[in-house]
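First up is the structure itself, then whatever we jot down about it.
Labels run A, B and C following the written order; every chain starts at residue 1.
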Amino acid sequence: MFETNRRGLLTGAASLAAVSVVGFPAYAKIGGKKDKVKAAFVYVGPVGDYGYSFAQDQGRKYLEQKLGDKVSTNYVENVSEGPDAERVIRQLAQAGNDIVFTTSFGFMNPTLKVARQFPNVAFDHATGYKTAKNMGNYNSRFYQGRAVLGTIAGMMSKTGKGGYVASFPIPEVVMGIDAFTLAARAVNPKFTTQVVWVNSWYDPAKEAEAAKALLSQGVDVISQHTDSPAPLQAAEQAGVIAFGQAWDMTKFAPKSQMTAIVDHWGPYYVDEVNRLLAGDWKPRSVWWGMKEDILEMAPWNPRMPEDVQKAAQKIVDETKAGTYDVFTGPIKDKSGKLRVKDGVKIPDEELLKLDWYVEGVQGV
Amino acid sequence: MGWKLEPRREESRAMMLAAPVIAVVATLIAGAIVFTLLGENGPGAVYQIFVAPLLSLNRWQDLLVKAAPLAIIAVGLSVGFRANIWNIGAEGQYILGGLAGTGVALQTLDLEGGWILPLMILAGVLGGMAWAAVPAFLKTRLNVNEILSSLMLNYVAIQLLYYLMRGPWKDPEGFNFPQTAMFSADQTLPMAVPGTLIHIGVPIAAALGLTAWFLMVRSITGFQIRVIGLAPDAARYGGFRQASTMWLAMLVGGGMAGLAGVLEAAGPFGQMVPQFPTGYGYTAIIVAFLGRLNPLGILLAALVLALTYVGGESAQTVIGLPAAATGVFQAMMLFFLLATDMLVRYRLTRTTPAPARTAPAAAAGEPSAGSGRPGEPPPPAGDRIQRERTEAAAL
Amino acid sequence: MTVPLAVAIVMSIAAAATPLLIAALGELVVEKSGVLNLGVEGMMLIGAVTGFAVSYTTGVPALGAVAAMAAGALAALIFGVLTLTLMANQVATGLALTIFGTGISALLGAPYVGITTAVLGPIFPAALADHPVLKVVFGYSPLVYVGLALTVAVWWFLKHSRAGLILRAVGESDEAAHAIGYPVLKVRYLAVLFGGAMAGLAGCYYSLVLTPMWAERLTAGRGWIAIALVVFASWRPGWVLIGAYLFGAVMTLELQSKAAGFSFFAPELLASLPYLATIVVLAIISAGRKSAKTAAPACLGRPFRAST
């Protein structure tokens, strides 16, 4: 299908490219073999956020490092989701990039619009659900990491109360809260997760205050789904355990960070560019995880007891082997109603729009 | 021997035109130096931001689309600024315009017809006006400083937007993401030039700029506004009512900001999202000043500001300049403009040891105190106190 | 409510209030001299990045705080030269300063992303500072006490010192002040520099105390709340103190109530509360402005020029 359509689409693209005064050889087709690929990245935050966008940019650097001369990369940071994103993406397509990675959910519709106008450029959108003939999407199973965190929290918490500093109740975040709580309750059935919404992805002062508020309510584990290391620092000051977000944040909390979910997008980017180089790139819907090495756990903190390390490692190993999935029933929701039957796994398409909380989640 | 500033008898027309040019050129030079010192490619940054986009037809489309909302808001604000009414709440008025238009759109999602878009636009204008009416009311009835009240309302508007996105207006089929459904074809701006990105907001911006220019120059109201700005006391004698000017300025500013909001929502966005406000309301203040509060100048200034955004993005990809550099360039440009601004009204002269020349009597339209006050201890070379053309921002 | 919880809440309120208090007191002095500087957020960011960089490089957080003040004052000097010497519009210059501060702090701070520094922590002996109850008095960063002392100092300065009298005279009527022979521009310059130094200090509270790190836009808009606070307090230092702790209490109690598992309002309403409250206060004080005490400085925002 794709192959047959490409030729016809190509003509239109060529005329579009001809309009460009800064004309670039945008004529090379997606399918052909290439000696070198030019890849562009669009970030929603500054690469200096040390959170999500920072981790994405580490993926870009990984790509450069792995493929050396065969790839050249460029990026635009701090791009607002909306018309600005559309303009940036179009500009990148016009500038002769072979592939454009748009790394935030809000870039989905802009990416789709531009993808239609540039059928000979490959587009890859992160964390969304729309695709096109030349636009794939990719996501990471962050919840697999959350299950590891939950296991550690469930085993190490003395009070049986964990605190969760969360941004917005979108499916991605809900999924994380649920996975964390399910895993924790698997080792300590009385474990509860207290959620505080800070209604921001990034507000260090507020994130820190939220963590402190949770601590004063008696939680002795801090988990977070916001972008700054502030909650981790608050945990370090209070001497309780916590987990890094998006990147290894040991430097901010050498005593408190037990481990971190490390967004390790690099291998996916290498894979995509390799496909372009080989001439067999096709849009995919990719939801990778630990197995494919785009999600890693930061090294266990030596302060973590040995049995906890073992249990955490077991979750990692079994996840990689495909024998463990935290979203396997029986799962009860907040009200105690059985939502997922014994042995049944929540299907991916339901996970991607998850909007209910499991038993043990509080404050939502 | 030294230098001092001396008021001009009349504003220098030459300087009026030259000041923005000087400011831009100074920004280019200083920018190249500053960024070289910061370890970046300074000259390359200047070239990529200010020159390269102008060489591409594609970038021109981006420039026009980006400049349109800035120009519309700034033209509206300039009316108030000329009357010394400092509406810095355009950001909130822009949001409310977008929200009002969205409200209409969400009610008419299943309907068809050419009447929907005009209705959305009308709602947008009214939404912006309504938000601007709050500071206008507070000022005229309670004498509340409009700078502060309009600024505070910006934050309230953002929270209102967040509330609607996460609650009542969330797309039921949107995977629980905080945003509305996409607008239908009848709710979306048509393109002004088919096959390009140039939607009808662009010609609307240009038309509004020209109309405003014509009105400011030719109409009685325009005259009234300018007189109030230049000489509030004289205006009072002339029988112009300040309250009505306040209302006029705020409603025009708010209405235009609302218009820009609904055009953005129905055009480039095609839906309402929490990321809708991107600071256009603040950037438009810079545009208004850079354009010397003249509608034609504003059209040009909006393009210059759009250039910094569009060029800033290409500078990131081509030479790896950080995004933050765009803000630094914009700020420097405004700094230089504000600095050169006084050349319009003042002249740099050499002071000599000889008795200072007596200054010319207050220039027409400058409601300053009279000249020399005999018998006072001489502060440095005379003591004529001159109130600049800015009225009290008293509460 | 248990004692530890009460202690935690009080300490959180103080932590949230202190930077607002310090920045707002600085801006209050600026506005009392008749100048409106909307660049507080920009100056705070410049202070935050400078404080972090110096603290990280020297290992002495206190030096970082001093450097943050200097950097804030330097940024304010740009504003001063433009608005005071060159008589540029204060609203536009202040906005430009915020844009500038946001950008330049990101550029200068790039090498410091992802690292942490020593905290500008408690000054009292651990027996007091870490005591489960007494820490509510002794357990703070020195900046918390600085904020309280500054409130008294600014109050005394404006109310009882001769210099403060001159400053207020300049803000109320620059022409009259000039006629009496007060150096209007010099007074305003000093006020603007002081405001910048305080904004810088407030900024480094974030990068050295609350969240010892640097990341772009670390202050996340608190500078605008500080400006609102000055108005909310109707230009009185005591009310700035009350207002800052009130704002801090609203923020803290919002999070505390959520952490305890219940919430009263839509978060959006709570987030807009400081601004709505400011508008209401503005309306009240403006309506009852017969009492001269509560009114804004008469010359606020107006440029001044004395010449031949």
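Heads up, the rule we're going with is that contacts are C-beta pairs under 8 Å (C-beta built on N, C-alpha and C of every residue); 3 or more make two chains touch, one makes a residue touch a chain.
Being a predicted model, the structure only gives us computed values, none of them experimental.
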(message) What's the farthest chain from subunit B if centres are computed as the mean of the Cα atoms?
(response) A
(request) State the pair of chains with the top count of C-beta pairs in contact. (result) B-C
(message) Between subunit B and subunit C, what distance separates the C-alpha centroids? Give it in angstrom.
(response) 27
(request) Would you kindly tell me how far, in whole Å, the mean C-alpha position of subunit C lies from that of subunit A? (result) 37
(message) Please tell me the distance, in whole Å, between the geometric centres of subunit A and subunit B computed from their C-alpha atoms.
(response) 38
(message) If I count partner chains per residue in subunit C, which residues reach a count of at least 2?
(response) 106, 110, 216, 268, 271
(message) Please output the residue numbers of subunit A that touch at least 2 other chains, ranges allowed.
(response) 46, 199
(message) Show the residues in subunit B shared as contacts by 2 or more other chains, in ascending order.
(response) 162, 166, 322-324
(message) Under the definition above, what is the set of subunit B residues touching subunit C in their complex?
(response) 4-7, 38, 86, 88, 138, 142-145, 147-149, 151-153, 155-156, 159-160, 162-163, 166-167, 282, 285-286, 289, 322-328, 330-332, 334-335, 338-339, 341-342, 356-359, 369, 373, 376-377, 379-388, 390-395
(request) Spell out the part of subunit C that touches subunit A in their complex, as residue ranges. (result) 4-5, 8-9, 12, 15-16, 106, 109-110, 113-116, 119, 206, 210-213, 215-220, 222, 251-252, 255-256, 258-262, 267-268, 271
(message) Under the definition above, what is the set of subunit A residues touching subunit B in their complex?
(response) 19-22, 40, 46, 74-84, 86-88, 90-92, 94-95, 105-106, 109, 129, 168-171, 174, 199, 352-353, 355
(message) Which residues of subunit C touch subunit B once you look at their complex with the stated criterion?
(response) 36, 38, 78, 81-82, 86-89, 91-93, 95-97, 99-100, 102-108, 110, 174-175, 178-179, 181, 216, 224, 227-228, 231, 266, 268-269, 271-272, 274-276, 278-279, 282-283, 285-287, 289, 295-296, 298-308
(request) Would you mind writing out the residues of subunit B in touch with subunit A in their complex? (result) 52, 55-59, 62, 65-66, 162, 166, 175-178, 182, 264, 267-271, 273, 275-276, 278, 309-310, 313-314, 316-318, 320, 322-324
